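What follows is a pair of complexes built around subunit A, which joins subunit B in one and subunit C in the other.
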Partner chain A sequence: MSKEMSPIVKNVACVLAIPIIIFGLYIILHGHLTPGGGFPGGAIMASLVALFLIAFGTGWAKKINKGILSWGESIGLALFGLLAFLGLGTSFFNNFLANSNSLFGMSIPFGPNQGFLWTGGTIPLMNIAVGLEVFAALSIIIPIMFSSDESSKEGKK
Partner chain B sequence: MILENAPALAIGIPLFAAFAVFFIGKIGKRAMKAWVVAGLLAAEIFVIWLTMDAVSGISHFYAVGARFPSIISPGGFPIRIVLAADAASTLVALVAMSACLLAALFSFSFLKEKNAGEKFYSLLLLLSAGLVGLSFTGDFFTMFVFLEVVSISSAGLIAFFREEESFEATFKYLVLSSIGALLLLFGVGMFYGKYGLLNIGAIAALVAVEASFIDFAAVALIASALLLKCGSFPVHMWKPDVYQKASGIVSAVLVASGLVGIYVLFRILFLMLANTPLSAMIGWVIAIFGTISIFIGVTMALKQNSLKRLVGYAAVAETGFVLLALGTGLAAITTRDIFSFKAVVGGMFQLVNDALNIGLLFLVIAAVAFVTKKKKVGEVNGLAHKSPVLAVLFLIGLLAISGMPPLNGFASKIIIYESVYMASPVFSIVGILGSIMLLAIFVKVFVAIFLGPPYKGKIEPLPKSMLLVMGIIAFFILFLGLFPKQAIEFVFLPAANALVNSQAYIGGIL
Partner chain C sequence: MEKRIKVSVLLLLCAFLLMAGMFLHEEGNPDETEMDDYFIENGQVETGSNNIVAAIVFDYRGLDTLGEASVLFAAAIGVLIVLGATKNE
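Moving on, here comes the complex of A and B:
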């Protein structure tokens, strides 16, 4: 059982939570325009869990609600599979939303531009699904790895 | 429209079913079982339909995500991920999918007392999707991804029941699989660096024109990764460990996964090397690896005390037979002798028989452990008095694996002996001796477990689902043994043709 760190560290961790979440969401939502996407964005958001574990100690890990996280994980995966199946009208994984003027369906103007978020069809939606899955799965895995490291140390003593 | 998408659906349905098992599991156990069986059965039906089409001469090539799923690329090469369902790949996919479906049916009564449902089925569905994807894929990077899917889901299954030392086997498997995956990725990277392509057919067409050292190095790296996956001689050490520590159900599925590795290996070798002078050398190297696998598998099986470890070494030997046959076929392909083609037919036949025979033995061992509630099956003896059905099923399995005449093992091994003898008598003799030794080993095991004074302890009745699964496998063992000619003409000749004839594959993709 690792101890809590000083109030300075804890407060800074809480302050940092906001930029970490925003940066993770930015990477996920801009996945079809810039480098990044669902996996890196989800991993960035899950790094918040690692930061909190260090700042607040392993006792904090017990407060994590694993039930909700595994729901989130499964919803992300199922959403990804569903989007692949919805393209079946033409073929599996077909991008049926692109250029449809509906959800993320704006057609891209020709030539250099600053990047339009409302494009890409199913790709941003799949990025969101993957981001949700990765965030939830890593948030479950990180505390388990952290606590198993602690228990193996205790076993040696 | 649905049938047009069959190659993608055979992968997509188990994948989606695996993700949704969590939600269905919240409804109830029965709903979850029905969902798992429905998902696997739907995928199985699509694979059977594709196999029927492929053996009658219609191969399906499918571009994932394209406006038109059937491939049209005027002059250029396909950029999209291509799934190729020809006679060889559908046969292997059928073996893998059936293994997963039967394992799921078998595990229902087995898992009832372990009280661990949804995660096991989720991993099993994921593994089945990975195996079918690995056999269908016509794209190197997708192959890497599916290989990782297979590795990780099977590692999860091996460690699943948390029996003693199963973690050690899992760790060994994971480390070796990731080394294999990195070798494969490096080889794929070399191809991508040279040609800027990932499509297997398109690369094979270019390699046939301008083969160079880099291509051969890349093929060697990819081949070593896949040899590791199928557990051939120099890297066979993970196989007995894993088969001993994993549950019998999981081992039966892992046998099928190793066979998919062999198929992918020879698909790449036949495509890349068929018209180069290197085909003879690589072919002989793999045939020698196969022969040594037979020898090592049999001799090591002779001195094992643990029953599952013994079957694990027998599985190494059986893998050796497939490698020997297909390697000889590859080595002699440039001379276009009839025996080289016969060896490939025998190899494809042996590949199916391997999955049936070893699978049946592992399932019978799992069933013995289930009815007697003993952790070590070696402690059981005289079980034939209490459960004659299991004794008969084990007898069928052991006679089939050692190549006794009325059963399927004989039909495939006689083709291998005859065709390999034309190329090299020594390999053939080692094969025959190995087969005889397998009989000796398994008769010893049979006597120890089933014969002798009647079993003293209490036994549980054998669940119907287990009996059904083992009955289906035994039926196919008998069927293939009694009607080998029809089976060869219907399935294995087209499959061998599709594997050897690289032009049809390349032409289908381009």
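Moving on, here comes the complex of A and C:
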């Protein structure tokens, strides 16, 4: 089991947690306006888990509730598939919410604009679903691989 | 002898990559531009999304993204099955 790092590193990791979460959420929610989307945003939020693993050691990994994360992963993928199937009136993955003046349905003209959040139809909803799935999946994968590497090193000694 | 085989394989690979690089299609000048033009002209109005890449990834080519998300889901399940048991002993 790797040791905890110094209190300075731990405190800085705790302070950095808030900007990392906010930046990840920003990347996910503005996926249809700026470069980014669900995959990078979820990966940014999962990098917080890696930072905490380095700062707090492998003992911290045992506190992670894998049940909730598996649920988040499953719900994200199911929501993504459901949104795809809801457009089946026209075709699979049809964007039925775009330009409909309902949820995320504001229509925009062609050309440059300042970027409206309430646009994009199913694209922002799918970004949120994929972001949830990527965050949960990487938060499961990173601690397990980290701690299994530590345990294999201990076994060799 | 073994070293010679290794070096010759390396040289062969280098020659292949150089040839492939020389015959690469000219960048930024595609033969068929119909689909690109369609996405650039209609993508923003049809999907309401400023980011054309997001419009293509999550709307026009959504099935690819579904496969991509499923791959990550399967990877997490695989890691849980293979390495998860060694953790909770």
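Keep this in mind: the second predicted complex is superposed on the first by the 154 of 157 C-alpha atoms of A that agree within 3 Å, B and C clash if a C-alpha of one lies under 4 Å from a C-alpha of the other, contacts with A are read in each partner's own complex, and residues count from 1 in each chain.
One rule holds in what follows: a residue touches a chain if its C-beta (ideal position, glycine included) is under 8 Å from a C-beta of that chain, and two chains touch if they have at least 3 such contacts.
Since this is a predicted model, take the numbers as computed values, not measurements.
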Worksheet item: In the superposed arrangement, which partner chain does A:Phe92 touch: subunit B (first), subunit C (second), both, or neither?
Response: both
Practice prompt. Could you look at A:Gly120 and tell me whether it touches subunit B, subunit C, both or neither (first, second, both, neither)?
Written response: second
Worksheet item: Quick one: subunit B or subunit C, who's touching more of subunit A?
Response: C
Worksheet item: Looking at the overlay, what does A:Gly81 touch: subunit B (first), subunit C (second), both, or neither?
Response: both
Discussion item. For A:Met145, using the defined touch cut-off, is the partner it touches subunit B, subunit C, both, or neither? Pick first, second, both or neither.
Written reply: second
Discussion item. Under the stated touch criterion, which partner chain does A:Pro7 make contact with: subunit B (first), subunit C (second), both, or neither?
Written reply: neither
Worksheet item: Should A:Gly67 be classified as contacting the first partner (subunit B), the second (subunit C), both, or neither?
Response: neither
Discussion item. Contact-wise, after the overlay, does A:Gly37 reach subunit B, subunit C, both or neither (first, second, both, neither)?
Written reply: second
Worksheet item: What residues on subunit A does subunit C touch that subunit B touches too?
Response: 70, 74, 77, 80-81, 84, 92-93, 95
Practice prompt. Enumerate the contact residues on subunit A facing subunit B in the complex.
Written response: 70-71, 74, 77-78, 80-82, 84-85, 87-95
Discussion item. Considering only the defined contacts, which subunit C positions touch subunit A in the complex?
Written reply: 41, 44-51, 53-55, 57-59, 62-63, 65-66, 68-70, 72-73, 75-76, 79-80, 83-84, 86-87
Worksheet item: Residues of subunit B touching subunit A in their complex?
Response: 1, 5, 8-9, 12, 15-16, 19-20, 22-23, 62-69
Worksheet item: If you look only at subunit A, which of its residues touch subunit C in the complex?
Response: 31-35, 37, 39, 61-62, 66, 70, 73-74, 76-77, 80-81, 84, 92-93, 95, 98-99, 104-111, 113, 115, 119-123, 126-127, 130, 133-134, 136-137, 140-141, 144-145, 147-148, 151-152
